[in-house]
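Following this line, the structures themselves.
Two complexes follow with chain A in common, the first pairing it with chain B and the second with chain C.
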Partner chain A sequence: MTLNQLPAGKLGVVLCITAEGPIRRRMLDLGLVPGTIVKTLRSSPAGNPTAYLIRGSVIAFRSNTANQVLIRTIHRR
Partner chain B sequence: MDGKQGHSYVVALAGNPNTGKSTVFNGLTGLRQHTGNWPGKTVVQARGHFKYKGQDFVLVDLPGTYSLLANSPEEQVARNFICFEHPAATVIVVDATCLERNLNLVLQVTEITNHVIVCLNLMDEARRHRVFIDVPTLEQELGVPVIPTTARSKQGLAELKEAIHLVSSGKLTPQPVRLRYNPMVEEKIAEILPRLETLPPVYNKRWIALRLIDGDSSILEEMEVKI
Partner chain C sequence: MKMDSPITDSIVEAIYAKAETITNKVVKTPIQQKETWTNRIDNIVTSRALGFPLMLALLCVVFWITITGANAPSEFLARFLFMIEDHLTAFFSFINSPSWLHGLLVLGMYRALAWVVSVMLPPMAIFFPIFTLLEDLGYLPRIAFNLDHMFQRVGAHGKQALTMAMGFGCNAAGVIAARIIDSPRERLVAIVTNNFVPCNGRFPILITMATIVSSLTIRSAYQTVMGAVIVLAGVLIGILATFLVSWGLTNTILQGEPSFFILELPPYRKPQVGKVIVRSFFDRTIFVLTRAVIVAAPAGALTWLLANIKINQLSLITHLSTRLDPFGKIMGLDGVILLAFILGLPANEIVIPIMLMSYLSAGAMLELESLDAIRELLTANGWTWLTAVNFIIFSLLHFPCGTTLLTIHKETGSWKWTALSAVIPTVLGIIICIIITQITHLFLPLF
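Entry: the complex of A and B
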């Protein structure tokens, strides 16, 4: 699944970044690399943009950006 | 060129936003500072002076950035200064509570220059969050001096000045770990390098080759201005 599909409050782990160019660069600079754990914090009513917790910082992505991050959900023990 | 301006060594101060960079800058230079704009940009430039062991230093505060590669005006200013103005030393202020994210910039700077010192700031906050950092191992892994500081209470700034002195004067030459790319990229670098031979020797040609492979045209524009 892609990051924009991760419901609020859920955790995921990054599998792959499919974005290219400046967006890919920005994601890598934010520490969004395979293996990184991300959490969806909340989305605005229209679902755009959505706030994510990434390595201790809150980062907002639009859904057409977040859908360029492949993730798998993980469950908290 | 040896990173000098008159009798002063030029030292660049880099770091992610909000790592206490301005506090380090103020702590090192006190009131001996002035601000202006970077030529052709609306980005503020601060310069300050300090003296240590009889040697004058000019400290140049670069804009706070997460990266040198994403081409915002701030990142271009920081990148161009480190690459084309060849400071005698570059201090990278990093947030000890959030090391992972900050090391990205460290890696990017050490790709351009060996003359790097890491200022591991916010050590008091790290302790408060029960984050303990193995400084000798970090130094070893990065291949550059790492100086723990709490800039707000001026702790570690004397050690930082000593490291700046050692690196600027060439008494200590850090040996940062070198990134190797996959064979395809390395082949392209080898192909481009001979064509960059006419560039001034202080430019890091491997790094410029990497930017060209990246398709980063701003680096060409910058070199046209310089040469």
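Entry: the complex of A and C
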């Protein structure tokens, strides 16, 4: 599944990043690499963008950005 | 070298893997106790129910503090600066200077300067620190987070909300703030549309006219409420125009792939109040004021010349405004108003003083003592509520001030974008004023 499908409060682990170019670069800079654990925190009032907890910082992605990250849900840390 | 090569990927992965093993060895994270403060606050300020109302309320509170707080210091500054003017006048007559020199330097340049400083300095000295406090607190990224969806719909960037918020203080500052948007296309959208949010220089116009409209339409205790509603409506018209023009731009000359939106929501922290006040005062207030002063002084001199050079007994101002009058009438305004906006290009604060000066055929800019006196003068010159409404619309939708235009040129490095930033709002303003006026003329006789 992709990151934008991960419901609020759930954890996932990054499998791979399908984004290309500067977005990919920026994601790698944030530490979004295969194996990174992410948690969906909340959506903005309009439902998009959504904030994620990534390596201790809170980062918001629009859904058309978050869908370029493949993840697998995990249940416990 | 291609950026996305597997090698760079593996390098980044290796770096993070190494960093992780090191942090795991040396950093101990206590098991999180329930929820952090940041999380709790975010649950409220970005919630579906309270996110928008809180933002709007905050905006109103900031305006209210700025306007009411600036009143007294503005009056004090004006009194002080005009007292100096009296001394200057005394000095000029003491050295027997010709009256044109005194007029040009004191009644023209100095008076325009005194005006701009006394009108602009106090609200900016209040607004910018408040804005910087919110910035330091960490609230501003939440505004971008809340509003991004609306900006996405018009093809713009969520961070444009922040450049707009900055524009309420000063559009030139808002244009500079657009640097926070990485994508050149979306940054241009933010720059070109920033002028639609009324800055501190135009707020006094908005407030004065709102008061006049409400006193021309209703006569009761509700006048002040009506005035506040009109000011808010003015702000909302500006925001609406921002979205409309952003949409228009991204669907015509600024088409392209929407760039990505990645926004960090940092944890809230206690703002460093002292530092914030000093920083916002020197970085923003003084910066903006200096630029305004640089353009206001020559504008004051020019206005004085136009008002005092006479051809066939009539001043150049009268000649010019008579020329503009037919077009002004189509827009529901008049030649004097249009000329005041044109001469007010350097700084919007001097639009109303120039207009009053022209109506009174006086030789120098002046401000009447009370709103009642202004209202009487305006109605004597054929003003109705419709004129005041069109005045409000045109003050929101017209070319940016000289300072902002220079800043746009500096930021974009292009005369084309500078020209477009002036043409788009002006054309929009003219069209809307014409539509309002013609429709009113068509239907009003029916009632």
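Just so it is clear, the second predicted complex is superposed on the first by the 75 of 77 C-alpha atoms of A that agree within 3 Å, B and C clash if a C-alpha of one lies under 4 Å from a C-alpha of the other, contacts with A are read in each partner's own complex, and residues count from 1 in each chain.
Basically, contacts are C-beta pairs under 8 Å (C-beta built on N, C-alpha and C of every residue); 3 or more make two chains touch, one makes a residue touch a chain.
Fair warning: this is a prediction, and the values are worked out from it, not measured in the lab.
More chain A residues lie in contact with C than with the other chain of the pair chain B and chain C. Of the two partner chains, neither chain B nor chain C is touched by A:Arg72. Once chain A of one complex is fitted onto chain A of the other, the partner contacts of A:Pro22 extend to both chain B and chain C. In the superposed pair of complexes, A:Gly31 makes contact with chain B and with chain C alike. In the overlay built on the shared chain, the residue A:Arg42 is in contact with chain C alone; chain B does not reach it. Shared-chain residue A:Ala60: touches chain C; no touch with chain B. The intersection of chain A residues touching chain B with those touching chain C, taken from the two complexes, comprises 22, 25-26, 28-31, 57.
Across the complex, chain A meets chain B through its residues 22, 25-26, 28-31, 55-57. Taken together, the chain A residues at the contact with chain C in this complex read 19-31, 33-36, 41-42, 44-49, 51, 57-62, 64-65.
Residues 3-4, 8-9, 12-13, 16-17, 38-39, 42-43, 46-48, 51-52, 145-146, 148-150, 152, 158, 258, 260-267 of chain C are the ones touching chain A in the complex. Of all residues in chain B, only 66-67, 69-71, 97-98, 100-101, 104 touch chain A in the complex they form.
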